[in-house]
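You will see two complexes here that share subunit A, one where it goes with subunit B and one where it goes with subunit C.
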Partner chain A sequence: MAVSVLNTLDPRSRAAARGWSDLTIRNVFIIPTVLFLIVFNIFPLIYSLGYSFTDFAANRNVPWSFVGLQNYRELLADQRIWTNFVITAKYVIVSVGGQMIIGFGIALLLNRDFPFKGVVTTLLLLPMMLSAAVVGLFWQLLYSPSWGPINYILGLRSFGLLSDADTALYAVAITDIWMWSPFVMLLSLAGLSAVPKHLYEAAAIDRASSWYTFTRITLPLVAPILMIALIFRTMEAFKTFDLAYVLSVQPTTELIAIKLYRLAFQQWDTGRSSALAYIVLIMVLAITNIYVKYLNKVKER
Partner chain B sequence: MRKFVTSLLAGIGLTLACGTSVYAQDKELTIFWAEWDPANYLQELVNDYTAETGVKVTIETTPWPDFQTKTFAELNAHGDAYDLIVGDSQWLGVGSEQGHWVDLTDFFNKHKLKDVFLPATLAYGEYPLKSNKFWAIPLEGDVNGWSYRKDWFEDPTEKANFKAKYGYELSVPKDQKALHDIAEFFTRPDKNRYGVALYTDNSYDAVAMGTEQTIFAYGGSLGEYDTYKINGVVNSKESIAGLQAYHDLFKFTPPGWNKSFFLENNQAITSGLAAMSMNFFAFFPALANPATNPHAANTGFFANPPGPTGVHVAALGGQGISVVSYSKKQEEAMKFLEWFVKDETQLKWAKLGGYTCSKAVLESAEFQNATPYNKAFYDSMKIVRDFWTPPEYAELLTQFNDNVYPYVVNNKGTAEEAMNGVIKDWTATFKKYNRPVH
Partner chain C sequence: MAAVRTSGEIAFNRIAIVAVLVVMVIFLAPIYWIASTAFKPRALATTVPPTVLFQPELTPFVKLFTKRVQQTKPVDPETYAAAPWWEKAVYDGGERILKVGDSPQLSPYPDRFANSLIIAISSTLFAVGMGTLTAYGFSRFKVKGEADLLFFILSTRMLPPVVVAIPMYLMYRAVGLNDTHIGLIILYTAFNLSFSVWLMKGFIDEIPKEYEEAALVDGYTRMQAFFKIVLPEAATGIAATAVFCFITAWNEYAFALIMTNRRAQTAPPFIPSQVGSGLTDWTVIAAGTFLFLLPVAIFTFLLRNHLLRGMSFGAIRK
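Our next item is the complex of A and B:
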């Protein structure tokens, strides 16, 4: 009898009748998540922000003192830090640019029917499933002038792509392109498959050229998802550490994340490294913001 | 009644079990070290200690690249996960000044350890230099030395050609000039053969250890460690000449030799790529083992040759063992050290493959003839010299690498410019830490 009465009530009343209101249920699920975020994300973020205004060094048992904006001032005035930012910018442009072109290009090729399409797509996704450290070691062997196949195939003889200061950054970027183009490819494929077929049919009826179809139909409709890929890859490339760290030790490949690691965990300059982390964070936020604004404009079109 | 007795017995059993576990926990020690063969030898050694005393000793390891970070993460948190740590000599300053290590000076004096270990190896424990204060017991002695291809050196045609070109016999290099000549002689890119494999990795201390050894051999120095005098020392003509010599040797390394440390330098010999290879002695067992080196029978070893003025120095490697001041088992740790410094333990340590610093063991014919490289190791351990060890050593190391690496590896600037760059950066760092730099 009681069950049948409950069934006649609306869901909110049923929950209330069992003793759990919607609000309670929501809180039971949300509060732990919020607490988790506060403890593991927000608190360290604020704590490290505090450190960035001090001369705290994690390996010294000496009291830290408040230095205000000194860490930020010194970092922004340090020419070497700006060199690291320039290296990082170059890396981001080459690496992300390469991934966008190659990833989207492969997606265009895969966006048609051919035998074993599924197997080929899966195989192409393999690089991004590997750990960056493993990829780094693997490519280090490939690049080796003594026993690596790349020099042998390209006929570079004893020229070391990774050991030459001028080419090392591009060698790291090529590895990153190899690793992450599949990610762009995957997103692009999703975008391409969502383009309505009737638009292509209409273009074909109108005898539109392939280039016209590509620039007027494919690209504009896939652009929003390409922008998302661009945002993700730019953020990731800006923070690249593992791949460059494993592959090269050249001063010309010292990305800002590597500089940050060395400052924090090799020199134990905790205060200054916290400040640098915030400078990097602000830069990534600024770049992402520009992208998101542009993404919204693309969507509005 | 039966139920009562059963419960009583169960209660007694549980109490005893808990008591035993607490007792056993007190009788355990954890030693932290990097992941490499000597750590395995140490685990084998301490099993004897467990058999003798009932104290279980565990050697916990981590890969080399994480070793420093993991150690200091634990020490900075004042954690007691490790009772003893086998740490780099560069950590002595930060370990002692920041209160991470227990002062072992009384222990040193009580056991007359200055007489037990080779004088040069006291550098594993003494800080500041010449202070007679000790923070670590020499555990794994190690030093930078050389391996070479005996068959190439002893080939009659090679010997004749070498003598015709350089005017003296081809043999184990007697000085740094001969090292350079031999490296040049064997460099034949068309045959994929090169003269020498050097340390060049700048991510920790590889390139610093390699260059400092040559700088020292040329009569140069990285500064007066007790007075902090660097100007006129780091950029003295001897120091500059030493750096220039290392830079010149780099021309005879295999292509792409810009990120090389112990692994690559051993590979240079095992793959028949180089005539001579710099490495720490701790990595030489792999070269003497036919299973890991197809040229093992033809691989020889020698100590770093003296420089032009006869200065005979080698870069210190290896580690000392320190008691962690946050450990709750310090008394037990000290008992372990008492056992470790005994002559018979040191002998067993050497026999297992560890590198003892015990004077008696090192000087014995039994030790020197035990492996093809032990004699060279003994010769090298007498002449070791180290990098800076104050708490700011990590900054000094990074700055040294930043200035020296582009010159040695990328041929950017001159040796003098590199050394002046080192002085500029070190002066700023020493001033930051209120050192009496001049």
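Our next item is the complex of A and C:
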């Protein structure tokens, strides 16, 4: 990077000679951030890659030994880990699917002029402003079988949505949908408001049906931003820890991130938990990559 | 849209407004439940059927902020009934929860709340500051491997926190950053930085380069042009980015749980730790949650006009 190529002005000009050179400014602005992210993200990752081949335990001062791929082999052969992945997959599909449908649906409703639009939009964002841990805690009260308002309204009497093994995961997903649909709504609104109005006017002149207008104009133009919402929410849902950890202690709600936390900070099996972390990381990267490829396709259309 | 509307469209609009109202009720009911429980007498927090209308009181907040005294004599019901509302705040049911005369001892909550404020504000300032500079660098100068670098920056956000948490915990323990404010500030800055760079690049790309060129011709240096021309133009973007960084840092739970235990603990891990076994006082937890929501709600409300723009990531502008 010896030569700085300026794309705004001639480096031989008078302006470039005054004060810091553009090369200096570029380096001073960019390099600290990149270094910072390397130290606090890449460095730890290399560390944990190292640990994943050992039987190291962070809370004991005993010597550790290199065990090669044993951690990975054992994890991948462990039926219980796969159960955690299946739970996570179910959770991601239900909660992200719900958020996309509800969030986009609300955005369609809000995408018109009506009184207090700004206030209504801000109020609807309140759920995502709360800490997931605190949300989890409070929904325990809402779901309570004996005096929770949800059971009362649904007439469920003493059926515990959270304590029943079959419904617990969906109860957690519903809370997640409540919390994060506003995020999808916000992104969708940004997308909807960017659709050029003249397209709708043209469609109206052609007497196009509203279904046709929706599927041929609205949807294709909003698709890229819906994909971005999908990528972010899938990534986040796959890593969900706090909400489920606080809300429920059922074995049927043990998401992979919770399993990871237990392995690392309750059983102090640092080596094995690092290996599991890597398996999760590779999965997230793979899923994100598929999405990003698809996003680029959607954008090209 | 000054176009003439058909009666069908008007009817559809009415239906949509009703639907928006229904959505509002469903989404805000849990928030209302938190807020109202924070002002309930303890006995009304867990009644069947759930209590909707009640005489609000401030007792939960007094309990949240102070260490309660062990049992004192119950107060005479008539004295209690005659007391004004600000005095009722120190009674739970009919019992005094603060000592008379002595200055009350504070509970850990104010400390945790202050920690949250210090850590969230500082890390937001760092993340937005560094992110703005870096975004400017990427936006205005040619950088070798720009696309790869930007993807690397984004990828730091894809990792599950627990993946980074194990080695971070060991690193922090080795250098003594465990359970310190600085430790959490650094972590949250790292966490928000990728987001901040991506958002800010979208905003700065939109500011015409001609503005700076004109300033340079007028004799400004590049730095002066950046501070006097670009930064004011990017103010909207900076505000939106700050809202998102603040929300994330304010609410973070996993790292705070793992990396802190007393000195630097923030409120998100603290509030759930107050759930006792069996006799949980939900009014106190609701009061803590309600207060915790306030700063971020106010902050968001003040900057609400920038949010829509902020969320589009430059994805649809081209």
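Everything that follows uses one rule, which is that the second predicted complex is superposed on the first by the 279 of 301 C-alpha atoms of A that agree within 3 Å, B and C clash if a C-alpha of one lies under 4 Å from a C-alpha of the other, contacts with A are read in each partner's own complex, and residues count from 1 in each chain.
Everything below uses one rule, namely that contacts are C-beta pairs under 8 Å (C-beta built on N, C-alpha and C of every residue); 3 or more make two chains touch, one makes a residue touch a chain.
None of these values were measured; they are calculated from a predicted model.
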{"item": "Touching partner for A:G118 - first (subunit B), second (subunit C), both, neither", "value": "second"}
{"item": "Touching partner for A:Q267 - first (subunit B), second (subunit C), both, neither", "value": "first"}
{"item": "First (subunit B), second (subunit C), both or neither touched by A:A58", "value": "both"}
{"item": "First (subunit B), second (subunit C), both or neither touched by A:W178", "value": "second"}
{"item": "Partner with the higher number of touched subunit A residues, subunit C or subunit B", "value": "C"}
{"item": "Touching partner for A:S248 - first (subunit B), second (subunit C), both, neither", "value": "first"}
{"item": "Subunit B versus subunit C as contact partner of A:V34, first or second or both or neither", "value": "second"}
{"item": "Touched partner set for A:Y143, first subunit B, second subunit C, both or neither", "value": "first"}
{"item": "Shared subunit A contacts, counted only where both subunit B and subunit C touch the same residue", "value": "58, 140, 144, 146-147, 265"}
{"item": "Subunit A-touching residues of subunit C, taken from the complex the two chains share", "value": "1, 3, 13, 16-17, 19-20, 23-24, 27-31, 33-34, 37, 45-50, 130-131, 133-134, 136-138, 140-144, 149, 152-153, 155-171, 186-187, 189-190, 193-194, 197, 209, 212-213, 216-217, 219-224, 226, 247, 250-254, 258, 267-269, 271-272, 275, 282, 285-286, 289, 292-293, 296-297, 300-301, 304-305, 307-309, 311-313, 315-317"}
{"item": "Subunit B to subunit A touching residues, read off their complex", "value": "68-69, 72, 75-76, 94, 97-99, 189, 192, 201-204, 254-259, 271, 273, 391, 394-395, 397-398, 402, 405-406, 409-410, 412"}
{"item": "For the subunit A and subunit B complex, residues of the former touching the latter", "value": "58-62, 140, 143-147, 157-160, 162-163, 165, 245, 248-251, 262, 265-269"}
{"item": "Of subunit A, residues touching subunit C in the complex", "value": "1, 4-9, 13, 15-16, 18-20, 22, 25-26, 28-30, 32-34, 36-37, 40-41, 43-45, 47-48, 51, 58, 106, 109-110, 112-114, 118, 120-134, 136-142, 144, 146-149, 152, 178, 181-182, 186-187, 189-191, 193-194, 197, 201, 204, 221-222, 224-225, 228, 235, 238-239, 241-242, 246, 257, 260-261, 264-265, 270, 273-274, 277-278, 280-281, 284-285, 288"}
